[in-house]
Structures are given as C-alpha cells and as structure tokens.
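After this come two complexes, each holding subunit A, first together with subunit B and then together with subunit C.
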Partner chain A sequence: MSAPNMAFNRIQRELAEVAKASDAEKGIVSLEAKDGRLDHLTGVIKGPPSSPYEGGTYVLDIKIPPEYPFKPPEVKFATKVWHPNVSSVTGAICLDILRTNWAAAMTLRTVMISIQALLGSPVADDPQDAVVASQFKTNRSLFDSTAKYWATTYADAPSEVPEMKEKVAQMVAMGFNESDVRDTLSWSGWDVAKALEKLAPE
Partner chain B sequence: MAEGDDDYYDCYDDDADEADFATTSEELNLDFGVNLKNIDADADPEAFSYTSLTHEEVKQIIRTAVEFVRNKLNLSTGVAKNLLIENRWNTEDTVQTFRQDEASKHVPSAFARLRNRTVSESMSECSVCYTTKTRDNMAENTCGHSFCASCWNSYLESQVAEGKGFGITCMDSKCDVNIGEDFVMEYLTDGPSLQKYERNIFRTCVESNPSLSHCPTNNCDNYFFSSQPDSKRVVCDKCQSSFCFVCGSEYHLPCCCRTIRQWWKKVMDDADTSSYISSHTKDCPNCESSIEKNGGCNHLICRQCKYEFCWVCLEDWKSHGAEYYVCNRFNAKKAADAVAAAAEVATVVIPLAVNKPNVRRLALNKYLFYLERWKNHEQSLRLEENLMNQIHDRVQKKVQNREGSLIDWQYLMDAGKLLLKCRRALQYTYPFAYYLEDGPSRMLFEHLQAELESTIENLSFTIEQGDKLDVAALQAQMRSAEFRRRALFRDAKEIKTTAAQAILQAAEPQKTICSFQTVRP
Partner chain C sequence: MDDTPSTSRMDDVNMDQDDPDVHAPSTSSSAFGQAETGKGEKDGEKPKENLFECNICLDSPNDPVVSLCGHLFCWPCLHGWLEMRPEGHQTCPVCKAAISREKAIPLFGRHSKGEDPRNKAVPPRPQAQRTEQTRHANFNHNPDFTPFGFGGGNNGFHMTVGFGAFPFTFFAQTFGLLEAAPGHAQQGLVSKIFLWVAIILIFALIFIDL
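Presenting the complex of A and B:
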C-alpha cells in the first residue's frame, strides 16, 4: 500500500505545482485528475510556434503506474496528430524519457514540456509511425500541410488547408466515412485514386 | 599418460570425445597421438587451454581485480567494479581511462559535496517523494545526488525486479552515473531482491570479462578461465556439456561466433523453404529403386544394382576421388544455367522474366546447396555416434569373453573418435564457406575441405566394414584425416585473421564474413 500512497502524494503536489506555475507560456495549459482519480490524468499542451501544430490544442492521456515515480508514466496523445514520433492510429509516443531514460526525479511537467518540444522538432530517425516518418523525410512540404490539416481538423488550429479539405469533401460525397477518408488520404499521400483503392478494393 | 601426449595434454580433445560416446577414460585411454606425432609438428589448431573454476574462485578473481583498482584510484569497491565492467576487466585500461576523463563523473567536486552537506544539514526535502526528511534519512550517491533512503530502496527494488544489476543509474534526471554495489547493498533492504541483485551483477562480471566463461547448462554453476580466450571448445567437467568458450553456444569452429549466429538465424528463418531436405530416402540414380540411408557414410552402394554413388549429389562415386572431388563446391555457373533453363520454360507463361537473371532463385539455390551439406553431415554425425556406441558395446563384450585384448580393438575406437571429430568440423565448414567471398582464398579453403571430406568418407566406409578391416589401411586413413583436419583449420584461421586485418585497415567495417574475435552479445 505504501508505494501507491507515496505516488498519490507526489501526484497531488505535481498537480498543484503545474496549476500555480506560469507554464502557460511554455505551452502547458493544464494537468488535471480524471474523475478525481490520481492514477489517470489529462494533460493539455499547445502546439509550438512556427510549427505545423501552431495554434493547436493537444490533449494527453496520462496513466500513472503503481510503481510511479520509479517507473515512467504512460503517456499518449488523445488528440489525433500527424507526426513521425507519434502513431497516427493510436497516439502512442516515441520519446526516450518515457522509456529507458526516465529518472525518478523527473516530473509530469518535465514530460509535458518534452512532448511539446518533440512536436516542434521531430526525430525522423527514431520513428513511431513509419508512414509519417518516410513522408517527413521524402516530401517535407506535403508532410507540413498534412500536419497542418490534422491540426486544423483535430486540434482546433486556426490555419486552413483548402485543397486537402476539398479532396476530403469530394470523397465524402461519394459516400465514405469522413474520418476514414482523412486517414486514408493522408496515408496515401493525398492521391485520391490510391485512397479509393484502399477504401473500396474492387 | 603415455608419451607423445603433449599436444593433447591440456586441451579438451580426449575428454571431450570420450564424453561423446560415453566411455570411461581408464578403459580407453587412447593415444593416436603416437601415430600422428610425425606428420605434423605444429600444435593442433583446435587445441585450447583453459581451467575450470568454482563460483567461489570466480568471486575471488573478481575481488582481486576490484581491490587492485580500488587501491590504485582510491574509490569505493562499487565504483571500482563498475569501471572494471565498463573496461571489460582490463585493469590497465581502467586505471588509464579513469585518469583521463572519468574522474569528474565518479568523484563529486568538493563544492558539490559541500553544497549537499549544507543542504542536508538539518532537514531537507527528497525530490522524488516530496517529503521532508532528516539528514539521517537521506542517502548520497557518489555523484553527490541525495534522496531519501526509502526512495532509494523502492527504486533499487523496481530496477532489480526488471532484471538489472550493473547499469542502475542515479535517480536524478540529468545524472547517468551508475550506482555502485556497496551503495545497493546498503540501501536495498529486501532479502530476495538483494540476492537477485548479487546474481545479476555476478553474471555481468563474468560476461564482461573476456577471460571468463560460464557453463550454459541450467543450474550448472561451473566456470572457466583462459588466458588466451578464443571461440574454441570447452567441455564442462561437471555436466559434460560442450560449448564455445566465447559465445556459449554449440562449438562451431571454423566459423566464428558471429558467422554461426548469422547462419543459425538464416536456418531458423528459412525453415519452410528447406524442410524437404532432411529426407532419409532417395532413389538410386541408376536403377531408381528406393534407398534408405542408415549409416553415416555418404558413399552408398545400391543393393539392387550395386551402383556406387554419392548420397549428397547423387553422382557416380568414381567422381569423388580426392583429385576430382567437387561435391563440396557450389557451381554458380551450373546453377545459373539451370535457373536460366527453368526461366526459359517459364517465359511461355510469364514473358516478363525473359531478360532478368533470376537472382533470388540463384541465391536460394546457393543457400540450399550449403544447407543440404550442413544437414547431411549433422545427420551422418548422429548415425556415426550410434555406430561408435555399438562398436564400443561389442568391444566390451569381446573383452569380457576374452576374445582378444582391449588393445586389439582400440584402433577401431581411435578411428571412430577421429571420424566424429572430423565430421563435426566438416559440418561447420559449410556455413563458413557459405559466407566466404569468391576468390583465391575460397578456392584454397574448398580444396582443403574437399580433401578432408573425401578422406572422411573413406574412413567412415572403412569403419562401417567393422571387424574384418585392414588395420594398416585404417591407420593410413587416420593419419591422412588428422593431417587434413589441421590443414583446414589452419587455413580457416588465416582467412579470419586476414579478414580481421582488412576490417581494421578499412576505416569502417564492411560485410566481410568474420571478425577474428567476437564479443559476447
């Protein structure tokens, strides 16, 4: 019982510290307990400036293991994001401090700042999502606009990507599900013919 | 020991092979060394000198090295041990690298010590659990970072539970200093966790020390030391298992550890493609009657038509005389022609394939060629082991019935031992040759391989004839086999040395087959 107790004491302190700190300018919006449970939290971060994610608001799903802080928290994106180090399907994040480089003296605040920094500077050589990573390496402009399109669509970013919006509308008009269309078009490099083949084989 | 045994005195040969077919050394203290002495003055390239050690003796070796470094550098035992592990137990390197750049990492500056002391003067907050503790309840690692004792305990426990021993780093977020054994001993309180930690760090000490090796058998607590560590055969004197000193897997010379690992992976990965090879029956190439192979010898005589042929390539055995022996060589030209012929047939259906040489198909053919020979020698080895066991039993009975003395039958057992040894060597020459680049050194190796293979098939054939054999002829074959085994191993060693030098000369390592000495994974 003592270990989870200790984890909860620490989480409470961490929550209080994020609340009072002037972290908003660093991109951290909030950290809250989900339904009053200290082992399942929700974090909110801002997309970093001068990145395709600028202006977007990203929700993080944070699970606290019983061995916390001796084991790292389990963090993934609840908001869909187009990024080489984040799975476009599950939101899983590839970040060293969430795995082997975790240290007990790190905090959830450290984690959120690191994730925000990761959004601003992707590491394509250590990809979580192979499709996104290869696009990032081979077609940077298409990557940027796809990431921007996802930011507008899922994270309430203000910028618009009209030509992508149009392609989606075109296929939705053909009777396909909108979110399937977005995913499939993104994965097919916005080639409508390829996306059609995947969505309706034969 | 009879004289002339010097070559074998401190190597595995005799013990190992006796273990192979379950005889006791007193009954069969064999000595084909006498016969072989004249043919080859050089030491056996497979010979290996090592001693076996108990758990306690290994601990003592570790302790001595740790004490040496600890005194030289004035460190804690835990830090000294970590440094030795990082430097693979080279005490000289350990002392030197420490002086060059490690000092700051392990010995906190006076300032850091002072700062921590003053902070923890009365009460301080542990930055892991966020509770305020008295100075007595805080514990400082060698790096100067201080956390409360109960946090250290929980942390160490969770790290040990994950299987860690060496390489548990400080809890501070920017510090990667490894925690020393003495610190763990002091702050990890749970008994079973402590025991597990000790086991883990002991294993790391053995594995990081190139001169030490441990028996891979489960629960066999036996260790080995060699002053000239090499990927050679060790036979455990406690459990009789035999393995490679460096990587602990089945003894695999002339292949180096990396090559054999690569080969095993390929064999596992391609298990489906090649499953048909391990068949025990084939049709006679002359009269097509079905023939089952139940001996190790690959020189077969059809019962129906008396045609003599080679089990591996199904060619006439006459073409397998030492001078023309080509059964071991993969003929890329012939294989390419066969593939091209097959492709020609295929063009009728798939016209696209016309101008493309079927590279993948050719690569597969090459692999299957080597795999078949590898598997075949393995199968022969098992069958010949059985044969030798039978012969051994028969010899025992004859001796009991006073039909001649043991000495009269020893030549047969000697021949059997040599046969098994060479058969195993031949088996492992195939993965070696598979990864060998084309060129003169490959041609020479395959020539030596062919010579040994043809001698061994003749020897096997002779032994299978059993009681009515010609002792003089047998001994001539044995001399030839032993001579050729040594020549083959010497050549393989030279190829590996040359390859290792090439790697050293080229700035970056390339895809060459062998590094001379392989590091444990």
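Presenting the complex of A and C:
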C-alpha cells in the first residue's frame, strides 16, 4: 500500500470515528473533509469552559501530509484567537505533539482535544506569539479581556467586552479599517494613542 | 520547547485512546475530563473490533507484532514508524516506551502458518525468539538446518536429513520409523535422491553376496 493511500484510509477511519463518537459534549464539534479532499480537513472545536474562550467556536485548518500518520498533521487556527501559543496573525499553533512529540498512534481527534486543552491552559514559556505571551505574563486581566473580546468578535462567544468595543468603534469612526483597528489596539495593550501612532505614523 | 505541561496533556489523550474501557482517564487537569465517561456504551457495541486494531493504521493488523509494552501494530506500520526515528531514539507510538525492531514480537495466529512475511515485498518482521524446548512444537520453518542428524528428542521427531546416520536414518524415514518434519521441501528432495542411491546400493549388496 502506498503512503498516501495509507494516509487516506486512516483519515477515512478517523472521520467515521469522530462522526459516531459522542465528542460534542467534550468540545469537538466536527471534523470534515474540505471539498471532499482527504488531505485538507476542517475541524471545529469549542472554547473550553472557565476560560476566556468559553462559548466560542473555533475552526481549525488541518492539512494531511502524504507521510501521515508517520508525520504529524499541519494544524492552524482559521479563527482568530488571542492566545500565547497561537499566532495572532497567522493562527499557527505551538504544540509539541504537532512537532517533535508527534506519535503515529495519535489521531486528529486526540489532536483536537489537545488543542482544546491548550486553549484552556496556555504555556507562556513556550510562546508562539511573543506579544500575547508577554501580556499573559505581565497583565493577566488585560490578557483575559482581550482574549474574551477576540472570542466574542471572531468565535461567536456570547460574552461582551464593552470598553474594548467602544475603543474600536471610536477608531473606526476615524476612518480606519475595523480589523486593523482590533489587531493594533490589541497589540498596543488597548492604548488608543499608541494604536493611532502605529496605524497613522506622523 | 517546554514540554512539561503539554506532555501530560498528551498522556491523558493517549490513555483514552489506548483502551477506553479501562481508564475513565480522569483528565483531572483539564476541564473537559468529565465528559470522557460517556464513551463506554459506544465501545460496548463492537468490543472485538476495538481490542485488536493496529495502533497506527487503525485497521485489523497485517503481520501483527506486539511491542514489549504490549501495544499491537502491523509490522509494516511499526516499521514505517521506526524508520522515521534515529536508532536509539525510537519510542512506542502509543506510550512512548523505548522500542526497537529487536523488541517487537511477531504474533502467529492459527491461520498465519503459510504466510511467512519475510517472503513478501513488505519489510520483514523480526524473527520470533524460540527456545530449544518449544522447537519441536514449531513446524513452521527450520532455519537452523544442520547437515548432521540429531534426534529431535523424546517423541522420535527428526529434524534433519540424516547424512550422518545414513543409511540407517534413510531406511528409518522411508519406512516411517522416524517421522520427517513436514514442510521441508529440501528434505523431501534429498530423501528422494537417497532413496534411489540406496536402492542401487541394496541391489549391489545383493548381487555381491550372490
């Protein structure tokens, strides 16, 4: 059996397994092939309870290398997320099992559970996003509310963060692009003056 | 990379995947561990399917081997995994225990007799480690074929061609006094050759005596 065939057979088993398992309560919403292609999947997980991501729905972009399961899947967040171990720009995830600690017996289901666990317990000493990680270490409450604001804005989490919403609205009224404003304010620790400097130098 | 926190996460996940029936893997550290218990009924439906699946391809194993830590794989699957890792850093894909080609034990089921994986295109399984005592119970193959005869032990089972004891051994085999080991193609061929040589000898002896 050729390697890609083995990867596809396994992915098919994994899809069936996730579909029949009662994982919904655990936070795995779905795992589906993208446009019927078995090398590009979409996973959906829930933000873990008692975290700033609670109630949010997060889409994962999953690419299957031909050497799967001997090599790990390439997984990143398609939904924007404010988290020390996830790039706030690209959605890239820093998680050991997706790199050196991958093992062929792991499945996409276990990967999704691990990513959900990572959302619930960030590892600031092994950051993917330096800005977010330093905020997580130095100003935890600002980190929490920024993460919550992003969850509300991008992941349909129900909680509201009115002060942040207001600051964004204020700068959008000045003619800036809304998503640029959100990013820049977040990266500037919600200091409007600093954000203005970055968005409109001089 | 700091792998302390994430490794513990991974272990939880692995235990769950490994044998869901045994551990309700108290994922106490994470907030969603409690949901894990709902899995039991699902597994109860098809217990046999779940118990003996290869841990890599998730299918029923083909040329099964088991690691010393007890994890089941197809030999081609495990071989593929071992190939990805430098020797000395090979770990079990399930539990991360040290593992190597030498430490994988092949499993021979009732119907696996005729399928010697070493003759296949896939990488060969490691050989089973057999001891002298279990030898005559294993008719599968006899790689340590010796040209000099030795008795197979108590039950008169004979492992070799019997050059040494010729012609007695030959007669014994021919007349069924000693049982030849089944599955020895070479032995059968050699026996036939000796059969003819012996017949000629017998005739020669008879005519010389006369």
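In this text, the second predicted complex is superposed on the first by the 201 of 202 C-alpha atoms of A that agree within 3 Å, B and C clash if a C-alpha of one lies under 4 Å from a C-alpha of the other, contacts with A are read in each partner's own complex, and residues count from 1 in each chain.
By definition in this document, a residue touches a chain if its C-beta (ideal position, glycine included) is under 8 Å from a C-beta of that chain, and two chains touch if they have at least 3 such contacts.
The structure presented is a predicted model; accordingly, all values stated were derived computationally and were not measured.
Participant: Sticking to the clash and touch definitions up top, decide whether subunit B and subunit C on subunit A clash or fit.
Facilitator: clash
Participant: Return first, second, both or neither, reflecting whether A:G91 touches subunit B, subunit C, both chains, or no partner chain.
Facilitator: neither
Participant: Applying the touch criterion given at the start, work out whether A:G56 contacts subunit B, subunit C, both or neither, answering first, second, both or neither.
Facilitator: neither
Participant: Which partner, subunit B or subunit C, touches the larger number of subunit A residues?
Facilitator: Partner with more touched residues of subunit A: C.
Participant: For A:P48, is the partner it touches subunit B (first), subunit C (second), both, or none of the two (neither)?
Facilitator: So A:P48 only meets subunit C here.
Participant: Applying the document's definition of touch, where does A:P69 land relative to subunit B and subunit C: first, second, both, or neither?
Facilitator: Touch status of A:P69: both partners.
Participant: Where does A:R13 make contact in the superposed view: on subunit B (first), on subunit C (second), on both, or on neither?
Facilitator: After superposition on chain A, A:R13 lies in contact with both partners, subunit B and subunit C.
Participant: Considering only touches as defined above, state whether A:S121 meets subunit B (first), subunit C (second), both or neither.
Facilitator: After superposition on chain A, A:S121 lies in contact with subunit C alone.
Participant: In the overlaid three-chain picture, which partner chain does A:M106 touch, first (subunit B) or second (subunit C), both, or neither?
Facilitator: both
Participant: If the two structures are placed on top of each other, which part of subunit C overlaps subunit B: 1-9, 19-27, 37-45 or 55-63?
Facilitator: 55-63
Participant: Under the contact definition given at the top, report the residues of subunit A touching subunit B in one complex and subunit C in the other.
Facilitator: Of subunit A, residues 6, 9-10, 13, 67, 69-71, 103-106, 110 contact subunit B in one complex and subunit C in the other.
Participant: For the complex, give me every residue of subunit A touching subunit C.
Facilitator: Listed in rising order, the residues of subunit A that touch subunit C are 1, 6, 9-10, 13-14, 17, 20-22, 25-27, 48-51, 67, 69-71, 94-97, 99-101, 103-107, 109-110, 113-114, 116-118, 120-121, 123, 125-126.
Participant: Touching residues of subunit C toward subunit A in the complex: what are they?
Facilitator: Against subunit A, the touching part of subunit C is residues 1-3, 5-7, 9-10, 12-14, 16-18, 29-32, 35-36, 38-39, 42, 55-59, 71, 76-77, 80-81, 83-84, 91-94, 96.
Participant: Write out the stretch or stretches of subunit B touching subunit A in their complex.
Facilitator: Residues of subunit B touching subunit A: 127-131, 147, 151, 154-155, 158-159, 169-175.
Participant: Along subunit A, where are the residues that touch subunit B in the complex?
Facilitator: Residue positions touching the partner: 3, 6, 9-10, 13, 67, 69-71, 103-106, 110.
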